[in-house]
Amino acid sequence: MQRRLSTWLLLAPAGLWFAVMLVLPLCFVVVFSFGERAAAGGYVPAFTLAQYANLPARATAFRNTLVLAPLGTLLSLVIAYPLAYFLAMRADPKWRTLLLILVIVPFWTSILIRSYAWIFILGGQGLPAVIEWLGFGQVRLINTPFAVLTGIVYGYLPLMVLPVYVSLERLDKRLLEASADLGAPPMRSFLQVTLPLSLPGVATGCMLVFILLMGEFLIPAMLGGGKVFFIGNALVDLFLQSRNWAFGAAVAVTLVVIMLVTVSLYMWLMRRMGGVRDDVALM
Amino acid sequence: MQSQIDSGAKDHTADRPLVAEFRAATKRYGAVLAADALSFGIGRGEFLSFLGPSGCGKTTALRMLAGFDPPTSGDVYLDGERVTDVPAYRRPVNMVFQHYALFPHMTVAQNIGYGLLQRRPRPGRDEVARKVDRALDMVRLTGFGPRRIWEMSGGQQQRVALARAIVNEPKVLLLDEPLAALDRKLRREMQIELQTLQRQLGITFVLVTHDQEEALSMSDRICIMRGGRIVQSGSPNALYDQPVSRYVADFVGKSNFIDGTLTARTATEGQIECASGLRFAGRVSGALAAGARAALSIRPEQIDLAHSARPGAEPVTVINRIFLGEHTEYLVRHASLGDLMVLVARQAEASAGRFAPGDAGFISWAPETGLILPQD
Amino acid sequence: MQRRLSTWLLLAPAGLWFAVMLVLPLCFVVVFSFGERAAAGGYVPAFTLAQYANLPARATAFRNTLVLAPLGTLLSLVIAYPLAYFLAMRADPKWRTLLLILVIVPFWTSILIRSYAWIFILGGQGLPAVIEWLGFGQVRLINTPFAVLTGIVYGYLPLMVLPVYVSLERLDKRLLEASADLGAPPMRSFLQVTLPLSLPGVATGCMLVFILLMGEFLIPAMLGGGKVFFIGNALVDLFLQSRNWAFGAAVAVTLVVIMLVTVSLYMWLMRRMGGVRDDVALM
Amino acid sequence: MQSQIDSGAKDHTADRPLVAEFRAATKRYGAVLAADALSFGIGRGEFLSFLGPSGCGKTTALRMLAGFDPPTSGDVYLDGERVTDVPAYRRPVNMVFQHYALFPHMTVAQNIGYGLLQRRPRPGRDEVARKVDRALDMVRLTGFGPRRIWEMSGGQQQRVALARAIVNEPKVLLLDEPLAALDRKLRREMQIELQTLQRQLGITFVLVTHDQEEALSMSDRICIMRGGRIVQSGSPNALYDQPVSRYVADFVGKSNFIDGTLTARTATEGQIECASGLRFAGRVSGALAAGARAALSIRPEQIDLAHSARPGAEPVTVINRIFLGEHTEYLVRHASLGDLMVLVARQAEASAGRFAPGDAGFISWAPETGLILPQD
């Protein structure tokens, strides 16, 4: 009896949480997406697919997001992998913790502060001024996709380094000895053993960065000016400024669907790679 | 200390051409001297074991041979060639790792074929497949090629690790505590399999272990190590019957030790006197001088436990009785000698009657079965 | 030789990264914090402590942050612990993965979309209308600390649930059998075994949520209206709107110092609890 | 199948008052029948072992006794009281878990005192400290109280787990494969310690193990289990000498089996005929009728391996030789009987001369050492 009661007491907040936190907001958004915009902004109940039909109006935001998010993820990976490799395999264990803290701490300070430094560096008086002074002519960096990519890589690198580091650090070092023992020189050992065994970490890192990038709006707003819009910026605009809730909801639903498809694909991939538990893969 | 007492023609290294040799190979890790000027050869086709407790330097010796850790000074030779600075991936030796170190992202066949595919020029697919299949047959895993590593049991993984090494036909096969992760029954089976395989292939096997039963049961020759040096090397029989020191006698087989002083000795016999004044005769060999601290070693199966007193027998109390099937192990306590272990064969116990804890008894042994050894 | 070269090739990006990503921006901010505001906004080089002396001007933002961030962390923990406990100890393993996905997925959708639902729920036409209709009089929920706390708990709960879940899931269940075997009823087993052994997860979750809350600005902006300001909002204002870079930098430096102290305290605590490796604790 | 063959007055349960009893206790996990109407008693002060392979139901029996899994039907009694529905935390029994399950966030002393502090009324600090110290003395860990669990070696952790259980003076002490995680040498030491402790404390010990040596060496009585039922129970000697079936003979000690048909029998003797036509005599007991499928069991130490033929001896080829110190294990191959294991004592081998793999030999055994058993 006592056992039953405590189970229910435990179940209650869990069930409530699931209902309030997940199902309710999603239902709201889905319902809204079939409605119409009120004349003064806001929402008027309706059942129309007009908002979805109107999606092409934000094609630029979708295109920017779907191009720059994967590209940013890839760039982060290319820079993060050697760093994680160095930390996990080459760095003196005495210094490893300190170096790891140095990688992570910036991630813990406001993205705002960090992005702002880049506005200055990439702005007219920063890097472009140096380039012009060196005689390479005039370039514009701020408010370009390049600036947004720089901000993205800078902001999300720690999120990529960590899972890759963990997968490399967990790699059984005797496998590399076994590979050498069987005749493989260091480079081939890396390609045949280290790299494939770090793929789960690579996948997790890419997933994490990609998912968060899909919802990003701060970096495009700060470093892209009005020129490089993401879906996140479209949502800010639609919900907060133009107050076209119904259209905003349609955009949001589309974004959620894209993400769910990506997550499913990732889960399926991790499962195929085998041996990785779902809850670990998710983190 | 480095002495070699060998018996039986088969055990002599001198009979075989050397396939590997250490020449004053020394290895330091910081302040730790892991290998202290090791100099010895390994005969072609030999089954050699390094036996000793952890930290005795046995694994260091194996790793110097494999090429993972170059010696700090001295040299390592393989097949007459100096390989001191040759990296592991260029040495014609292969290793079976302690926890197998199988590649988890590859199938059993891919694991076994890994070494073959590292060769340049790269061998053809068919040739690799054929050799892998033959290796699988050899370790009795025919048809297991497409399986994933995690689908294999511990004993099967052990055999995959073995196949992955022997498929490359190494000059020397190194085994680093290969059976440590298996349970008792499997371990015994694998001991027989390893021995049989070694005879079939004619490859030199070098085994590292801290388990004396493993070393005794499989090796042609055993090197007992301590503090980075080889204390004694010889055949299992030789080590068991003629240990050069208390350390070796304690490590090879079970033994009872009675500490005392060597009071008198001839070429082969001597007498030891305990603190309590008791005196026992025994065989003595080597440079042990009269007056030196010594220990009398008596194997548990050499002691006779009787219900009634006989001339020369010592009175004891039975502390514990452990029935082990084919024999029974008694722990007996003597007033001044302390606790002794006595092994009674099943037939002997059946005829003489058993003892229960608390019973009084009398122990005796033939003087020639006692061995007086240096304390060390 | 070959080995040396590859080590350097690996070191180079790592070193560069540390310099560019961490040291440089921090230097910028520290230098700026000793400067002065240009008349038209921006920054004029100087060496003055005036900006730090001016910090009390933003006392409300600091106070709000330093009260609501710990409070929000605590509330998240109180709600997350039973949920994590249920998932790890009581939920059918068959459903566990699905439930875990349900907990995490909302975290992966834009915080914007999720917060917006709360503006509606807590706004005049939402919950307060229901409360009034039920005859409990008029209440205002939106633009209050309560609304901000609600948004915080809602947004950060998954981050709290995960580490607590992991620590509970890793707990050796036989320890609970041992505790029962030694005579402890379920409640005492929980207090004497489960709870102390889940503390590392609790500490990690609290740390994670607290650190991120310290930099939060979106939730206060959306659910707190102009009424409940965080330090993050002050930074947005100072850098983007009033363009008082020097003062903004001083506020940022203060924030970073507060965070570093908290992180150090946490690391020290984890070390004292013992057995937890630094890199794990950091994540 | 449930039969009891006991020998020696000490082994009879009937002599002791019962401290625990199973009455038709059945446990199902879904479709799996883990315990099949178990009915038996455990005598006060007895050292009882459940022996069997994994999945035989031995752990289920232990867990029903501890109170972790209530039986699906039937009852469990402790000290004459029905405890079938009493939860684990109210039963006066304690368990030593397989991997110790020590609380990692507590010191050694806190672990040991845990059970005492759960009592209501709560005992005083001094009393707890005194009892903890006494328990530490008992397991020879005096002074280790303030240590952290992870500072202790495997063997020490084992003894902490033991102390944590015995400090509560349980009616029955349950041991779930307590020595499985220790290495061979430590295991042997702990066997002696456990036995001694049990005699000192007079507490009833119930041990679960799949390791026959462990069960043989420590128990007063062993229950051999299979498929949730007790196949045979009795003293170690009785099980070793008079197994009721091939299953028991295979599980208790090593044995060679020759399969065939029982062709004739008297009350105590019979003859078995193999497929190849060979006939062997042996002892037979129980209900085995002439014409039934049977197996002749011969223990390895009962077989005599000789260089020259004798009347009744069978010719074999030596396959493998394993030197084990006090005796040598030979694997020999017979043309129709297959591979047989022969154990030769050291003295016998010294006098008769040793065999090398490939040598021819002749095996024989006294007919009364062969045991004809039902196939099952």
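Just so it is clear, A, B, C and D label the chains in written order, and each chain counts residues from 1 on its own.
Criterion: a residue touches a chain if its C-beta (ideal position, glycine included) is under 8 Å from a C-beta of that chain, and two chains touch if they have at least 3 such contacts.
Everything numeric in this text was worked out from a predicted model, so none of it was measured.
> Determine the centre-to-centre distance between subunit A and subunit C, using the mean Cα coordinates as centres, and give it in whole Å.
Their C-alpha centroids are separated by 17 Å.
> So what's the Cα centroid distance for subunit B and subunit C, whole Å?
Taking the average C-alpha coordinate of subunit B and of subunit C, the gap between them is 58 Å.
> So, what's the distance in Å between the C-alpha centres of subunit D and subunit B?
29
> What parts of subunit D, by residue number, touch at least two of the other chains?
Residue numbers touching two or more other chains: none in subunit D.
> Residues of subunit A that contact two or more other chains, please.
186
> Looking at which chains touch which, would you call it a line, ring, star, complete or other?
If you draw each chain as a dot and join those that touch, you get a single closed ring.
> Determine which chains touch and list them pairwise.
Those chain pairs which touch are A-B, A-C, B-D, C-D.
> Going by the contact rule at the top, pick out the subunit B residues touching subunit A in the complex.
Going through subunit B, the ones touching subunit A are 66-68, 87-90, 93-95, 97, 99, 101-105, 114-115, 118-119, 148, 150, 164, 168.
> Which of the residues in subunit D end up touching subunit B in this complex?
184, 191-192, 195-196, 199, 211, 213, 216-218, 236-237, 240, 252-254, 299-301, 319-320, 322-327, 329, 331, 343, 345-346, 357
> How about subunit C: which of its residues touch subunit A in the complex?
Within the complex, subunit C touches subunit A at residues 2-3, 6-7, 9-11, 13-14, 17-18, 21-22, 24-26, 28-29, 79, 82-83, 85-87, 90, 96-97, 99-102, 104-106, 108-114, 116-117, 120, 154, 157, 162, 165-166, 169, 186, 211-212, 215, 217, 222, 232, 235-236, 239-240, 248, 252, 255-256, 259-260, 263, 278-279, 282-283.
> Could you list, by residue number, the parts of subunit C that touch subunit D in their complex?
172, 174-175, 177-186, 188-189, 192-193, 196-197, 274-275
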